[in-house]
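These notes open a run of structures that come right after.
Next come two complexes built around chain A: one with chain B, the other with chain C.
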Partner chain A sequence: MNLIPVVVNGLLVWAEPGATVLNVAQKAGAGIPTLCHHERTGTKGHCRLCLVEIAGRPRPEPACATTVESGMVVNTESEELTDLRRTVLELVALETNVEHDVKMASWLEEYRADPGRWGDPLSGRREREPIRDNAFFVREYDKCYNCRRCLDACGEGIQGVWALSFTGRVAEAAVTTVFDLPLTESGCVFCGNCVQVCPTGALVPLEEALLAEEAR
Partner chain B sequence: MNRPLHVQPDRVVSTVCPYCGVGCRVDLYIKNEKIYRVMAQEGPPNYGALCVKGRFGLGFLHHPDRLTAPLIRREKGGELEPATWDEALSFATERLAQIAREHGPDALYFVSSAKASNEENYLMQKLARAAAGTHNVDHCARLCHSSSTAALSRSLGSAAMSNTIEEIPLSDVILVTGSNTVETHPVIGAMIKKAARNGAYLIVVDPRRVGLAEVADLWLRLRPGTDPVLFGAMARYLIETGRHDRRFVNRRAEGFDAWWESVKEYTLEHAESVTGVPAAKIREAAERYAAAGAAATYWAMGMTQHNHGTENVQALVNLAVLTGQLGKPGAGLNPLRGQNNVQGAGDMGALPNVYPGYQPTASAEVRQRWADTWGAPQPETPGVTMTQAFESIGRPGGIHAVYLMGEDPITSEPYQEHVRAALEKLDFLIVQDILKNETFPYADVVLPAASFAEKHGTFTNTDRRVQLIQPVFDPPGEARPDWWILAEAGRRLSLLTGQSNPDTWEYSGPDAIWDELRRNIPEMFGGIDHARLAREDLRWPCPSKTSPGVSVLFTDRFYTDTGRAKLMPAPWRPPAEQPGDDYPLVLSTGRVLYHWHGGVLSRRSALSKAYPEMKVEVNPADAERYHIADGKPVMVISRRGSIQATAWVTDRAPEGVVFAPIHFAEQSANRLTKNTYDPTSKIPEYKFAAVRLEPLDPAEAAAEI
Partner chain C sequence: MDQHPLLLPLLDKALERRKHLEPADIEDAARSAGLPAALAWETANFYPRYQARGVRWLLVDEPVLRSRNFDELLSALKEAAVAAGVAAGTVYSYGLEAVGPALVVEDGPERRVYAPVDLEGIRKLADGSEPGTLAELMPRGLARTGGWLLDSPGKLPDLSGAGGLIADVDSAGLRGLGGALFPSGRKLAAVQAQESDVKYVVVNGDESEPGNFKDRWLMEHNPRLVWAGAALAARAVGAKEIIFYVRGEYTAALARVEAARAELEASGYFEDLHTRTFRGGGLYICGEESALLESIEGRRAEPRLKPPYPAEAGLFGRPTLVSNVETLAHMALISLRGADSYREYSPKLFSISGDVRRPGVYELPLGTPLQEALETAGASDTRAVLMGGAAGTFLRFPENASLPLDYDAPRALGDSIGPGALMVFDSSRDLWAAAESVTAFFAHESCGRCFPCSLGTPHLHQLVLRWRQGEAQPELMRQLGETLEKGSLCGLGQAAPWAVRSLIDRFEEVAR
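Up next is the complex of A and B:
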């Protein structure tokens, strides 16, 4: 396999054909923040946090969903990118309860995010009640920012079951089961691979939720 | 820690899931000495995935039924009373020695455990062979893949998956037969489904509409118990039309002529009439399989648990050899092993006919080598299988004492009433287990064991990967690791029998036991030690310290005496008990997603909430015929007993077939099954018995319908 040359932040990197800009940037030591991307589930391109600048392209592109090309010149850090990422983080934090998302907390600080500058926290998603409809895990959708990893783990990426689905549009968009049925009436096989990949603590093992309750 | 935790763990411990043979690597998150989260590790074999059992089904570890103190029943009819370890071990070994003196060592029987570690299985067979002086040792593979072992060993010289889990995406054609993979090996099942989505051609051969049948490109719904005819006809058709791999057969196989004679009758039309599968579908399956760049076969109990189980597997072996679908990445023969360490239990020689490393007990040279190693003369008399042993209790020359490690024969052996009667006749029974089970009330000595989460050791998964486990908790109460119990029992028994040198029972820990066994089977395990396992992923065969272990078996030769694969006739014979007037339906038994075998583990965990009661699958046509309503109680009746269950009217079961799960001890499917056995492997015929259905309340049922 012939490796192809890519420049990341001025550093020449030899990349495997088919690799993503994210793969190659990580190889070059560039830390790009990502929310939705997950190698195992194949989730990519939703959260827009990993936007990078590619020479000759009109707009920033998501590093996780862009395939490298020979001679590509990539820039992962700039004032514009920082502004963009700050905005993405602020909007997520405005809409979502991110208290259990460790990565999110550190990025909010790193990017000096100030969600309040967009107004009061949006109530719709934050007011969703926890759903405790099975013996194994709880869905606390107030903490969900629609990264879609759970959908991909359930469907195409890992399990091939498609018990989860999307409902609503824009600010109303949310993960649920098909027809919003309890999980026990869906095709769910309770493998918990969605819990495994959930980055926010929205999907949590029942035992863990109970322990957390006890501690409160 | 980069995880969205609601709770900060006291510690996170890396180990291996104790349920099935996939051997998923897990991280256990612990708080207040309880597991509250189980995460899959990213690497092989499970690549970040788990199933419901491994992720949410470990509650049995903390169940009040855990055995926590040694118990002794000092005389028959008395009570089980608490004892010290010293008392219990002395009592147990003195009784074993006494019975061996009175009836000979072959009156003792040792049942090892595919749930225990490699080191512990090694010690159990050493206990039988070195301390007691008998080859009477076996484990539950007798009930699951003994038919596969028989056919694969004699034809190919090795009884294990010939491909690896990582090769699943490399197969162009995947043939799955007699395996409800998405429920019984869910992580592999999901991988096979994904391979099919990515373009692999999936052929499923199964009477039931199992999960994989729903996504298969081609589903052959054969009549239960007719497998060798189907696979024989596929092979015959391929030879007849010149579609087999002539070069492979010429260079690497032998025995063609005798095999060819045996399938002369098996035309596609004949196969259609026997199996019920249209000839065109059988032809399509054969052509796809033979034409694939790489075709892999996966199977489980649907093939093995028949009175012709060995022939079933032999027919698959023959098909793979004739088409050259062996010894290539993504092409091979893959028995999906059930228990977490059932591969290891066999590798360690917990079988009546082989020592560790599958070295035959029939060989005087092999016996001498082990006699030297253990300082114990080795018996010539062959051992008997576990199923034969239970059948022999109470008969002249039969078994008088049984030492069970992690085995519950009341739920797992066929024809339960018959097993109960046998256990009552037994002079002495040792039950060594982590939990109370159905056999527990029959015990004369109870030895409480540590679980997988309370000890060191290794498990070998279905694709020959040897993996370290490590303690997460202290054992409850007085419970001790099986290896410690067995080493103590071995030392004491050898002093009493004078058979082996008691010093050969001194072990500092599982790593010392491993070192002893690997020195004696260098071609399989020479390069694997505990220190290396802590750093590297290894599988057998791994002969040297620099070898990572062999992934694809049989690339250049087979492990037979000639190096060639042996084609062997696989003649079909009908199941022992045909459905007839009073018992018009066929009973097939097996597992469901949420439970494990006899239910001892899974029913003591959160899993029981998801699947609380026994449901039998009844085809809608049969439900109508016998007035059975969905969700209503039904009696399932065979010539040997009856059970009550809830009817699930579904076309998952074909017309004429009732499927019953095996997990509910109080409604044990094994009250119905028949104690007929495959003559080669001695496996019980769990997949075929004649039954009838009756609504529990006929009047109510009639009113409802």
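Up next is the complex of A and C:
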């Protein structure tokens, strides 16, 4: 295969045509935060944390959803990108229960995020009660920030079951099931793909949830 | 149309039968549309009319009214609603800024619109009286000038003239008049260049941005001209199907666009072109071109990642020209009058509202100085103009009196005529109140897809509320504005901070 030249943070690297900027930049050692992107489910472009600067483009582009081009000059770090990522991380952490999200915790630290400076949460996310409607896993949507990997895993990304659905707009947008049914009546085949791809700990295997409860 | 019947019209049919949707209706509609029920459920949960239940009284929230007696009217409305035992609230811009204040009486999926209403009318609601004049149709007389777009076109352009359209539109210098001002000739050429047996032309009639009502006027009072432009464009790019997407709330526009379509079809005007009128979902985000396509396809109106652009992969993955109502009307005029005489005059519609004696739709030559536009509409003691709409900026007046209202001059200072709204505020008005309406609008209309916009627009609104209460946080405002503008996926979030930022930067006396 003919590799193409791409410059990442001043470093010349050779990339496979068709690769994403995220992939190429990560291979070149750039640490780019992402909350939504997942290779297997095809999820991309929602969280906007992986925005990078590309020479000649008027605004930052999501690295996960941008294909490398020959001669592309990519910058993954700048004061502006840091500010932008910090703001998004802060708002996510303010509105969502991210206590159990290890990756999120490290980014909050790396970006010196201070969610409290935005005041109180404005959405009802943190107030959501856990949903226990099946023998396999609990859905704790207070921890969900709408990365949509579970939706893609259930629908067109992997399984083609379409048990999960999405509802609402703005900050109240949320994952639900078809007709808000209990999972056991939703057509869910309990394949476990959604639990596997969930980055936040919102979808918890029942056993773990029970153990955590005991520990409390 | 590729494959199946479309979901939204199926849901609307069920809604007509029952006045609300049951899961069984959605399941049936999904089956007919060939979509998973989970997707149809998402869609039904996204658009407001599929969830409407019971009676609600809604005051139309827009910047002009907010700068006046919005609070007084709203509290009277709430009082009357408590007395009558119904719900009260607000709804965003109905394109009635020129005849407001406007009030919507919602009964399930049906809405009656009254404008103007006053305090007395609102108080009378409680005893079952009509609160004002029914305003389903925008008065024709709101066109305050004549002109190429506002007078009846008489004879429509011949479709055989479509061969030269792209070159003519290009040399006429036409831009996209939905607000983005992208060169129309280039957009046409991009769709024309695609090799595909199936291409679409989609007319974007989702005008929902506070302060803008010129597309509504065209759809209600000159729809033949728009259809003619769409037919020419379809011929020029090689499309065989035109879908006219009309904002869901604009029921009169919907009826008139459809009546014009039926008449033109019966007369043979469309030749072998397929045409249909489509009732939109009823949200501002539906006007974002890729979100609009999603909504025709029966999905939540969420913007797509670009590339690919609709010109390459649009409706059902086919090359699609999505073009604004007014833009297409201009294409018909360019064909009728020739590119040279068009260029010489360069008409543009402006929606002028607020503190002017004659609010309405004006056809003015592009480049008209701001002061002249305001004088034509009868403005006096003007202090500020919110130009473009909610996705616009506040300009100081008279400092900007000589600003030419054209495509490029305002851009030098980061402004734009956008779709052509001029909301005028005199020195007695509270500009912060107008700005509060703008941020409330975005915090209501964000689709919920990308994180910066879905989380940032409510916090932007919150910062405005706090600022008004004396707790200014300029650094947070600046950072959130940057995050929205640079980080949001589409133009909605990107433009959300513009109005507030311009107010803070340019009106030191209110920014304190």
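Keep this in mind: the second predicted complex is superposed on the first by the 214 of 216 C-alpha atoms of A that agree within 3 Å, B and C clash if a C-alpha of one lies under 4 Å from a C-alpha of the other, contacts with A are read in each partner's own complex, and residues count from 1 in each chain.
Everything below uses one rule, namely that a residue touches a chain if its C-beta (ideal position, glycine included) is under 8 Å from a C-beta of that chain, and two chains touch if they have at least 3 such contacts.
Since we're looking at a predicted model, the values are computed, not measured.
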{"item": "Room on chain A for both chain B and chain C (clash or fit)", "value": "fit"}
{"item": "Chain A-centred angle between chain C and chain B, computed on Cα centres after superposition, in steps of 10 °", "value": "120"}
{"item": "Partner chain in contact with A:9 - chain B first, chain C second, else both or neither", "value": "neither"}
{"item": "Touching partner for A:26 - first (chain B), second (chain C), both, neither", "value": "neither"}
{"item": "Partner chain in contact with A:65 - chain B first, chain C second, else both or neither", "value": "second"}
{"item": "Touching partner for A:191 - first (chain B), second (chain C), both, neither", "value": "first"}
{"item": "Nearest-approach distance, in Å, of chain C Cα atoms to those of chain B in the combined model", "value": "12"}
{"item": "Contact residues common to both interfaces of chain A (with chain B and with chain C)", "value": "none"}
{"item": "Interfacial residue positions of chain A with respect to chain B in the complex", "value": "40, 100-103, 134-137, 143, 156, 158-160, 184, 189-193, 195-201, 204-209, 211-212, 215"}
{"item": "Contacting residues of chain C [partner chain A, same complex]", "value": "23, 26, 36-39, 41-42, 45-46, 283, 300, 305, 443-452, 454-459, 462, 466, 476, 479-480, 482-483, 485-489, 494"}
{"item": "Residue numbers on chain A that touch chain C, as the complex places them", "value": "35, 44-49, 51, 59-60, 62, 65, 80, 83-84, 87-88, 91-92, 95, 117-119, 122-123, 145-146, 154-155, 162-173, 177-179"}
{"item": "Contact footprint of chain A on chain B as seen in their complex", "value": "1-7, 29, 31-32, 34-40, 42, 47-52, 55-56, 182, 186, 190, 193-194, 197, 215, 593, 606-607, 609-610"}
